[in-house]
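The following pair of complexes shares a single chain, chain A, combined with chain B in the former and chain C in the latter.
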Partner chain A sequence: MSEFLPYPLISLLAGAMVVLFAGVLEERLGQGRTKEALSVIFIALALIGCLILYKDVTSQPLGVMVLSIGAEPPLGACFEIDLLSVFMTFSVVFLGLFAVVYSFRYMEHDTRLAEYYSLLLLMMAGMVGVALAGDFFTFFIFWELMCISSYVLVAFRRELWGPIEAGFKYLTMSALGGVLIFLGMSLLYGMAGNVNFAYMSVGIDWGTAGVWAYLAFILLFLGFGIKAAIVPMHTWLPDAHPEAPSPISAMLSGIVIETGLYGLVRILFVVFLPNAVLLPRGPETFKYVVAVFSVLTMTIGNIMALLQKDIKRLLAYSSIAQVGYMLVGVASGTTYGLLGCFLHVFNHSLMKGLAFLASGAMVYRIGTRNLDEMKGLGHYMPVTTMALAISLLGLGGVPSTNGFVSKFILFGSALAPGVNMWWLTLIGVLNSAFSMAYYLPIIIRLITKPAEKSSELKEAPILMLIPMCIMAILIIVFGIYPRPVLQLADSASKALIEGLQGYISKVIP
Partner chain B sequence: MQYALAQVLLVPLVFTPVVYLAGRKAGKQTGWLVALPLLYTLLLLLSVAYRIREGISIVEVYSWAPLAGLTFGLKADGLSIWMAITINLLCLLVAVYSIRYMEHRFHEEGHEPSPTVYASYYALYLLYAIGMLGTVLATNLIQFYLFYELMLVPSWALINNYGYGERERIGMMYFLWTHVGAVILLAGILSSYWITGSFEISDLSGVVAAPMAPWIAFAILIGFFVKMAVFGLHIWLPYAHAEAPTPISALLSPAMIGIGAYAAARLVVIPMNEVFSRFSLAFSLWALVTMVYGGLMALAQDDVKRFLAYSSVSQMGYIFLGLSCANAYGVTGAMFHYVSHGLGKCILFCVAGMLITQAETRSIKKLGGLADRMPLTATLCLLGFFAIAGVPPTVGFMSKWIIFSGVFTAALEHSIEMLVIAVASIIMTVITVGYALWTVRRIFFGPLPEHLEEVEEAPPIMTVPLLILAVISVILGVYPRLVTDYLFPLIGGLIP
Partner chain C sequence: MLAIHVYLTAVLFLSLIGLYSMAFKRNMIRILLGLEIILNAANLSFIAFSARFTGQVDLLGQSIVVMSIVLGGCVVAIGLSMVLNAYKHYKTLDVRELRRLKW
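Showing the complex of A and B:
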């Protein structure tokens, strides 16, 4: 067990620095591929670190591990790691591995690649730090690390106007989100006298907090909502995701916005919901706020996706809709609902990641994102098309893909006795069916006969195909045999609700 | 034999990639490679049918995802075995029929077909067959739903890739209609889970006492009604069935849409009988409307495949009428009529396909007097119509007779209003016979138009599968006990 930083974080942070230096050296010496190789190695190390972390956490009493930096928790910053943190870390690193391998060929014509890989590792380190943080201080540092590196990555191709504009919009909105989170935290700090999550959970005098507690919740909800692209705070996403390089789009849609969701869930379930009974009409308020936003998010996301002609923009809107589905599980507030939520986070990272990678491979070959110009592409790029089709069917929730498993748990959770939000399930399943109306036409366009023969086009490079094929296979495998991921997600959601006492008592003996 | 039912699904599944890869070399002969696993599974199912003749049922359960309450079970009992055998038989014979037909279809497209198109056609075909077989054998609701959707995706791809006319728009329409139906069904399944705490179909009866029960029953039924194309939810059917490639039409209409009826019986009519019978009268009226509407629309058609599609709507009305009685006779009749409609309608769609390949037209107006040129086809067509119209000695007579005894029983026991519906529906069978015989006369009798003088009889590879179906439909018409001995004791034991 590491005494200082959790292993995946060490590996990613160290990787970011080593890759940067290696890249700069390499540019001096001429061509080379050390930085790519090093990034893969460090991410693979982080994946191993994840496994070690999993073992460490499960071997701990109460299933929670605390690593403090400097002083002991109430004073010093700390990492408090439970199985939910491990689950999120695992999702981040897993998707990151695919995105990096894919980047080799996709980014080969770009310059400043040393910065690119280094920033990608830093962004992952930020997300991992957010997932592992045990207090708001640590949380916020890593949150900003993730945000800042992602701004630069969105606007990475600075010679084009689109990415710069999208990156700037993203920067403005996300910075506003950061400020709102910070303000919300300050309020909670004022009430609890401490920034540690566990202290906040027990240390607030809710009887007198009243309206201030609601204000803090609203600020935090808005702040995390901007990151998680909850409608109506989503407007940056449809610009930023299509303009970013495809592996970055995959990371953004696949896991970055879900990190915002994770922040919301962590705060909601550790600080607000356990004490909600002390507030006037507390529990219902929190749940119904989330439920209403869930409906808004999935409906608007789906309707807007239907109107898109740009494939990556369409996928971006579909991500918004998928966040809406995840919120159904949060709104239910039960272990079962959170199981669905986190399972969908993982599954969605695979599906949306694959969708962005595959459409990126097509963009790489034909140089346009316009769906009308992709007609008949399936005849030249059969493997890529197959992978894209699998991911789209998964996103639409067709059975035998992993998207179905998590969606069915999500929608089922809203019907559970005690939750009883049947309208949420109804709107959810109708939305899910409706979403096929834009997933299917993509597949149809790709598999129709091409207008004229073109010998220029060929299948995507093998280094791009490998990650795509593995992801496509995993989508099917986890759709038919979901047990391993299901168990992980189950213990993650149990850690959050049933393990709360352990989470608190580990810091406050 | 152990794992017999698992093999029924696994063997074709294993063959799917083999078919795809081999198909790239074998071209049109791939059809035989598809027939091979289907023949094997048919033999397996027949052996299973022999083993359960005494009224026992065979269940195979495999663990799947216990955390989410899922098991993977397969069940052959008196109700599901004949459905599975019918589906398997049709898939097998239509696969053989496809060999010649799809060759014609690809040439029609105007280019020399590459072997790849055969490969993907047959691979999708096999997946579609697995979807249908899995649906009828499933014991777990989620597993059921999985197969229910699995039969949707390949059939959509088949329509979209190989259909006629505006196939993409129609494929989309087909997909969205049935998918929306399916997710409403899913909502029903999920709500039932929170009442019974289990996804097993056998536990569904636990829902009955709950106040939500009518809503759950209704949500589940809506999904199946879309598939069955009952009046109001039938919009997609004439388009999809008319424009699909003919062998696929010959599976969509006879095999697939009736699965909606089977599922309605399995999931609602039998376990939630008390709830369902409350709506008996309304549903039987709805069934009557479906039956009459489909029949009248069929009379108005000129395109032979569209005509058959509307006739399917009408026949689904009969099956729906049988279900809506909610008694043993009615449900037995409905399931039996699935078998007879499956045999008859499959023959008819394949005959339509033979008209397309031999006479190169689908318009009834342009046809006529073909009985001299294609005597065998004419005979088959007549037998097919007998089977669905219910003319003895074909199987259709027996199944309709049982449906009507169900309706009269329900009418005499419960509501006298139903008697009116029963009498009306008997009178309406005239429409079926009417459109059937009138169409046969227009296609096969009368003067032979000049442009059809060169038409020849279809090759044996197309006619022999149909002959087998025709013979079976006559055998079952003479010995209906082969089917009813399975259906009736089981259903009679479960509902009054």
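Showing the complex of A and C:
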């Protein structure tokens, strides 16, 4: 059964190979910019592929498409895509485009650029594969593809001690997470007899599963939680994100940790929650576990961010807090809550991506990440400062930015009748207000008058400014007119919950 | 043929050994070895479950294990290359010396 080809995935994988060869040839011949141009072309092709997939999926009666590789499911591996997969793919490719354009100037003094662009494309291919996967086997292979390339990218500047130290920490923790997912997957395999999502959803004898189901859930939650930086499994993130090159920080913070969240949501809503009523106190357990971790994550992320002096480290802690907000939507378990969750995934990828890119441009000019030494930088780099200010206000959830729209939906979802988690809304709103206590001082510090005049500092290069300006404009546009993204996220969340029967019946005739 | 509980007990002990090694060992290479031990526990679990259903071996479980061995090899290769670079910077394999990044 083959209804489609995974165009974005093919384009990115082919791009990774072509860019590598082009880059190596270029190094032999001398200077050139073919590899940069090629990576942008392949990412643009992937974006077009995304649109084709969107058109194809919406034209299906069930809203689901299946591509099996080798044998038919359950024995063969398969891709199964619904609108949620398309939404995640779109977010990945969209942010990747900005990050690659930004890398042109940011990485120009580094060597081994062919490997850099190739690995960046491979990391995106891994995330796209995770989003499209229809069984755990495919999922795990692309998951490891994403992880392995991101380890190398974090430790890319190996001549410095910081990236190596952060990279080793990231590798041990994240690989442990991958192994725990694999262990949990083996338990699900032992219960269901195969690893296809749809077959696992209906094939497990939940009446006798009991403890084993909870054990599998704990292992999977720990594994995805390490990747999604849920407190207390977050300790790799504040080291890895600041030490990575800025475009990579933007990718890691903007979309890689959300891929962990996507994995958790997919497995929770396809396998565990539909059958949770069969377990003793099932639905409450799953929801309250997520809710408690959500509170922990946002509170500790915000408190730790307040204590930071390093701008990228502060943004890394703020990412942890934002994952906490997204978990509110997952804990509510309704379509409305998931709408907020996915909308925030997209909005956060824009906002946090922009924040890392803009602070990276400042680091590129002044060579330090210390906030105290950035005082008055706004007078030399007005456009960059403006972009950073917009992204920080968006992260704080100021109305007329897109962060407000998604946070409004997220916190509102916990109040809905039937969910009844008002304490989650209360803590979330307080946290969101509290987070302004570290966003605003950055803006104030940047726009105060500089102590002495310096003529060496100037605005960031134009190739860095273009992606930053587009992202800043998009943040405002989607804040005032959120309708297009809102509709997309809405249909994605509906595909996950209301489309579940279609998702299952497409594979099991 | 042994009962599946024997294999699952072995999986449990292997996982505990690996977790202990990752949490308490100071040598970076031993940490990577601990990682590999947990991965092998998961592989063993797949192999044990693959013989559970049909009476004969389920192909799916076996093929997953073959892929996972390859992936585990990749992860450890990257990890060892990082250990090598860390040794160049710090002149030691003691993971407690890698504490220059603040919390």
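Everything that follows uses one rule, which is that the second predicted complex is superposed on the first by the 504 of 509 C-alpha atoms of A that agree within 3 Å, B and C clash if a C-alpha of one lies under 4 Å from a C-alpha of the other, contacts with A are read in each partner's own complex, and residues count from 1 in each chain.
Just so we're on the same page, a contact is a pair of C-beta atoms (placed from the backbone, for glycine too) under 8 Å apart; a residue touches a chain by one contact, two chains touch by 3 or more.
The model shown is predicted, which means the values in this text are computed figures rather than measured ones.
When both complexes are overlaid on chain A, the residue A:V195 reaches chain C alone and has no touch with chain B. In the superposition on chain A, A:D82 makes contact with neither chain B nor chain C. In the superposed pair of complexes, A:A155 makes contact with chain C only, with no contact to chain B. In the superposition on chain A, A:E36 contacts neither chain B nor chain C.
Contacts of A:L440 after superposition on the shared chain: chain B is touched, whereas chain C is not. The intersection of chain A residues touching chain B with those touching chain C, taken from the two complexes, is empty.
By the touch rule above, chain C contacts chain A in their complex via residues 11, 15, 22, 28, 31-32, 35, 38-39, 41-42, 45-46, 48-49, 52-53, 58-61, 63-64, 67-68, 71, 74-75, 78-79, 82-83, 85-86, 89-90, 95, 98, 100-101, 103.
For chain A in complex with chain B, the residues that touch the partner chain are 393, 398-400, 404-405, 408-409, 411-412, 415-417, 422, 425-426, 429-430, 432-434, 436-437, 440-441, 444, 447-448, 481-483, 486-487, 490.
Chain B contributes residues 64-68, 142, 145-150, 153, 156, 160-161, 168, 171-172, 175-176, 179-180, 182-184, 186-187, 190-191, 193-194 to its touches with chain A in the complex. Listing the residues of chain A that touch chain C in their complex gives 74-75, 137, 140-141, 144, 147-148, 151-152, 155, 158, 161-162, 164-169, 171-172, 175-176, 178-180, 182-183, 185-187, 189-190, 193-195, 235, 238-239, 243.
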